[in-house]
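Structure in structure tokens, see below.
We just call them A, B, C and D in the order they show up, numbering each chain from 1.
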Amino acid sequence: MAVTLRALLAVCLGLSVLPPTRAQTPAPASAIDAALAEDIVIGSRVLAEFGVLDGFGHVSARSPTNPNHFLMSRSLAPALVTADDIMEFDLDGNAVDARGRSVFLERFIHSEIYRARPEVMSVVHTHSPGVIPFGVSKVPLQAMFHNAAFLAAGAPVWDIRKEFGETNMLVSDPARGKSLAQMLSDKWVVLMRGHGDVTVGPTVKMAVFRAYYTDVDAKLQSQAIALGGDVNYLTPGEGAKADAINFAVIDRIWNLWKMRVAPGLAK
Amino acid sequence: MAVTLRALLAVCLGLSVLPPTRAQTPAPASAIDAALAEDIVIGSRVLAEFGVLDGFGHVSARSPTNPNHFLMSRSLAPALVTADDIMEFDLDGNAVDARGRSVFLERFIHSEIYRARPEVMSVVHTHSPGVIPFGVSKVPLQAMFHNAAFLAAGAPVWDIRKEFGETNMLVSDPARGKSLAQMLSDKWVVLMRGHGDVTVGPTVKMAVFRAYYTDVDAKLQSQAIALGGDVNYLTPGEGAKADAINFAVIDRIWNLWKMRVAPGLAK
Amino acid sequence: MAVTLRALLAVCLGLSVLPPTRAQTPAPASAIDAALAEDIVIGSRVLAEFGVLDGFGHVSARSPTNPNHFLMSRSLAPALVTADDIMEFDLDGNAVDARGRSVFLERFIHSEIYRARPEVMSVVHTHSPGVIPFGVSKVPLQAMFHNAAFLAAGAPVWDIRKEFGETNMLVSDPARGKSLAQMLSDKWVVLMRGHGDVTVGPTVKMAVFRAYYTDVDAKLQSQAIALGGDVNYLTPGEGAKADAINFAVIDRIWNLWKMRVAPGLAK
Amino acid sequence: MAVTLRALLAVCLGLSVLPPTRAQTPAPASAIDAALAEDIVIGSRVLAEFGVLDGFGHVSARSPTNPNHFLMSRSLAPALVTADDIMEFDLDGNAVDARGRSVFLERFIHSEIYRARPEVMSVVHTHSPGVIPFGVSKVPLQAMFHNAAFLAAGAPVWDIRKEFGETNMLVSDPARGKSLAQMLSDKWVVLMRGHGDVTVGPTVKMAVFRAYYTDVDAKLQSQAIALGGDVNYLTPGEGAKADAINFAVIDRIWNLWKMRVAPGLAK
């Protein structure tokens, strides 16, 4: 009976038959940091819950014990990721201990950004419906409001065709990852023409927060443009100051998100 | 068994593991009016349920016993607010009995509006996705239909940059709150550039109703403008008459909302 | 236990604490046709479920036994209507047996259309978000696709201000109802400036179907116009032929809707 | 008790009282391939779940044992289709073993495409809200991103009025089906003016994937056009290469979809 009700609870959550999150199962015999794995799980499911991700996209974190390694899920829809699915990779995109698990073709997005940006601790790749129109347009994505303040620093567009010609559109090798990282430069967001975006941050929470609000901001900017006339965006100065506040208040929304996608883990 | 099923009910409601509402727990030993606290809880959760609020924003009410005090939640995502989270503040934004609880940075939105507008009994602050485009545009928000009739009186835009230069965008001190209250003037709604809006009313129900329909109206106005040509808005005369009807019928939608977010409290 | 699980089922349905539908309670000692009352209940809840109605709007049916009477709910949010809430009215809008129940201010929409259009057996009034922009615009609503074929006959806009000046926007007396019915003329849909729309049909199912697809069609037409250039609408000839098909296939979608909002009643 | 909880699980899934899927009932004494029927069931429910289908539209598959036969549901809303509803038809649209079941008026969409395109193994017909605006516009639907890469080959618009004059808009006989198949030509998607679209593929999964991403792509293209200026679409060369990747990764999203609409069948 208890088991049946637990299944029922999971089903009612809207993500249907959620696999258990880590805290509900015996800890794997692994060197992977449990709290960090949990953040990756929460972040993946949150972005799926809000439609920023569908069956594709991924969230990663730099290893806290080895800055030349990073953690990300095996190849799996983000809504289904559990802590047991998290694998460890080196900066060439090689799995440390693959055990036959299939890996994401686009892990080089992550490896090359971790290589180029030592202070970045988390990377998120999405096919966010808000940003795709901006990735194929000449209209730059800008900061509409303070929760998306990080966009005031600029959000460049990377067009894979410029350097690599007609491709399958994927960042499926180190060279493409390096080119993307160069376009990201010192920003927090880079758009990928005909594909999606990448957001980065000093924590998983901030990278996920930025992926979420980049999508929200893009939709709001489209609407503001459709009204006609000038749009009064945040200035870079406002953006820097307001983004500092986002760091201060992030747990307020993170705790809400956690309750929605993994109530068993929320305090 | 009973406990498990109660948890299950809460989970099925879509807000996942809702904390209990006041009526389901022993009343706190507090001077805070229970019915008013319940309205704040319902209002907060309703606006979260419909996407007018996400993890941020807040609903407050003037104290019925002390017009120089007001009630609002400790710093918490609105979907998670319970009656036990409601605190009391004076018009300088000081908590009457903080007991170590963290408070909203932007409580000065509320304190300064209560100071400037004696007849206002409730204030709502949102990052409503409908209104943000209007806050950064030169197109004024207007009343599209009778449920948003209160907008026919006008909805000014407050730009924090005009008086305070490049800031973190927050109304985080009394001076900013006072400036915002001056822009609100005698209206029911003020938009905040790059941030959101504030709605006010003679009851919590009306302030929440206005926050909800301001968001709906803004989205409808965007669509009407996109059709091209002139838009036939409500006149101020129509707005005043139709808003009187909103007062008369508000319980019809409030009871529906209450059933959605707190069925245990609905008759 | 059984009772608790039944409550749980209702909660999981998304309309939270749904009052029981007629079939789940003893039949009221009433002259009101049970099958017709059930259609009104299903239709009200379906339109609420899909956002065509929020807390306001109503569905009515002409009495099958007295063509000068019609049936509609007491004043209540449509998602909460049960068969026990259905009342009977004459064509002056007087309740036959009020028993102290409150009635809709706008019942004159219904009474005057039943008076003017003998073949109409059901009337639906909504604040449909799709149609409100068309009600305040000079762009006529047209038929985008075959499910909205009934719009090819035309959908006039009634502006209450033309005949009645600055009002509270409501059809709250027979004179306003008569004026609205005249603008509807022999069509199936009339838009109300700054308010919503009315759809009519030979059955409750068809009037509800038309309310639903009028909303869908309006949103699609907005999108087609935004693409730029000419739009190739259904001709009146196509509309008449395609609408005949809608009559033939309506049970396919009605049965689906019934399962969503009242699974206990669906076969 | 167990039965009641199973019903409850189904209800919580959002499709309310889902009829059982094939694997949960005794296998019918039928020649219909069980795995293929399951794909049709999953595909139908997925497209309903995401709003690509409402009460109308259908998914079919060519018979694996007889290339001149195909499988599709009896006339039923796609969200309600079970394996027991799947029937077999010949290429003239005749049911092999009707047993009194009602059939779709538009089965000729399927029969004539299977006749004209021997390599096509699955056909999906939708009234997708994304594509309807493009079907009545002169703006061609194009590939916005790699998941919709198959659109880079072109998506022609079929206008039934050109060959057949003012009709009921339905593909209700072989001649109309043949005309539609000719417009589809060697492409993967054809739009139907004032009606919807048809997508085809080498498997049910791919045809459903294309129906889903055609809808997503259309909405994104509308948004990109609304931003103003040139849009940088996928080239035909990029489209062909990227579509090959979609074949490789389709199980990632298919497994997610299966868990949402039929958790009992997902591994």
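As a convention for this text, a residue touches a chain if its C-beta (ideal position, glycine included) is under 8 Å from a C-beta of that chain, and two chains touch if they have at least 3 such contacts.
From a predicted model like this one, the values you see are computed outputs, not experimental measurements.
Undergrad: What is the minimum number of touch steps required to go from chain A to chain C?
TA: The fewest steps needed to get from chain A to chain C is 2.
Undergrad: Shortest hop count from chain A to chain D along touching chains?
TA: Minimum step count, chain A to chain D: 1.
Undergrad: Using mean CA coordinates as chain centres, what's the gap between chain C and chain D in Å?
TA: Inter-chain centre distance comes to 31 Å.
Undergrad: I'd like to verify one number: the distance from the centre of chain B to the centre of chain D, where each centre is the average of its C-alpha atoms, in whole angstrom.
TA: Distance between chain centres, rounded to whole Å: 43 Å.
Undergrad: At which residue positions does chain D touch at least two other chains?
TA: Where chain D meets two or more other chains at a single residue, that happens at 5, 8, 12, 14, 226.
Undergrad: If we use the touch criterion from the header, which chain pairs count as touching?
TA: A-B, A-D, B-C, C-D
Undergrad: For chain D, which residues count as touching chain C in their complex?
TA: Within the complex, chain D touches chain C at residues 4-5, 7-8, 11-12, 14-17, 54-56, 75-77, 79-80, 105, 127, 129, 132-139, 159, 161, 166-170, 193-196, 222, 225-226.
Undergrad: Taking the complex as given, what residues does chain D use to touch chain A?
TA: Touch list, chain D to chain A: 1-2, 5, 8-9, 12-14, 143-147, 149, 216, 219-220, 223-224, 226-235, 237-238, 241-242, 244-245, 249, 252-257, 259-260, 263, 266.
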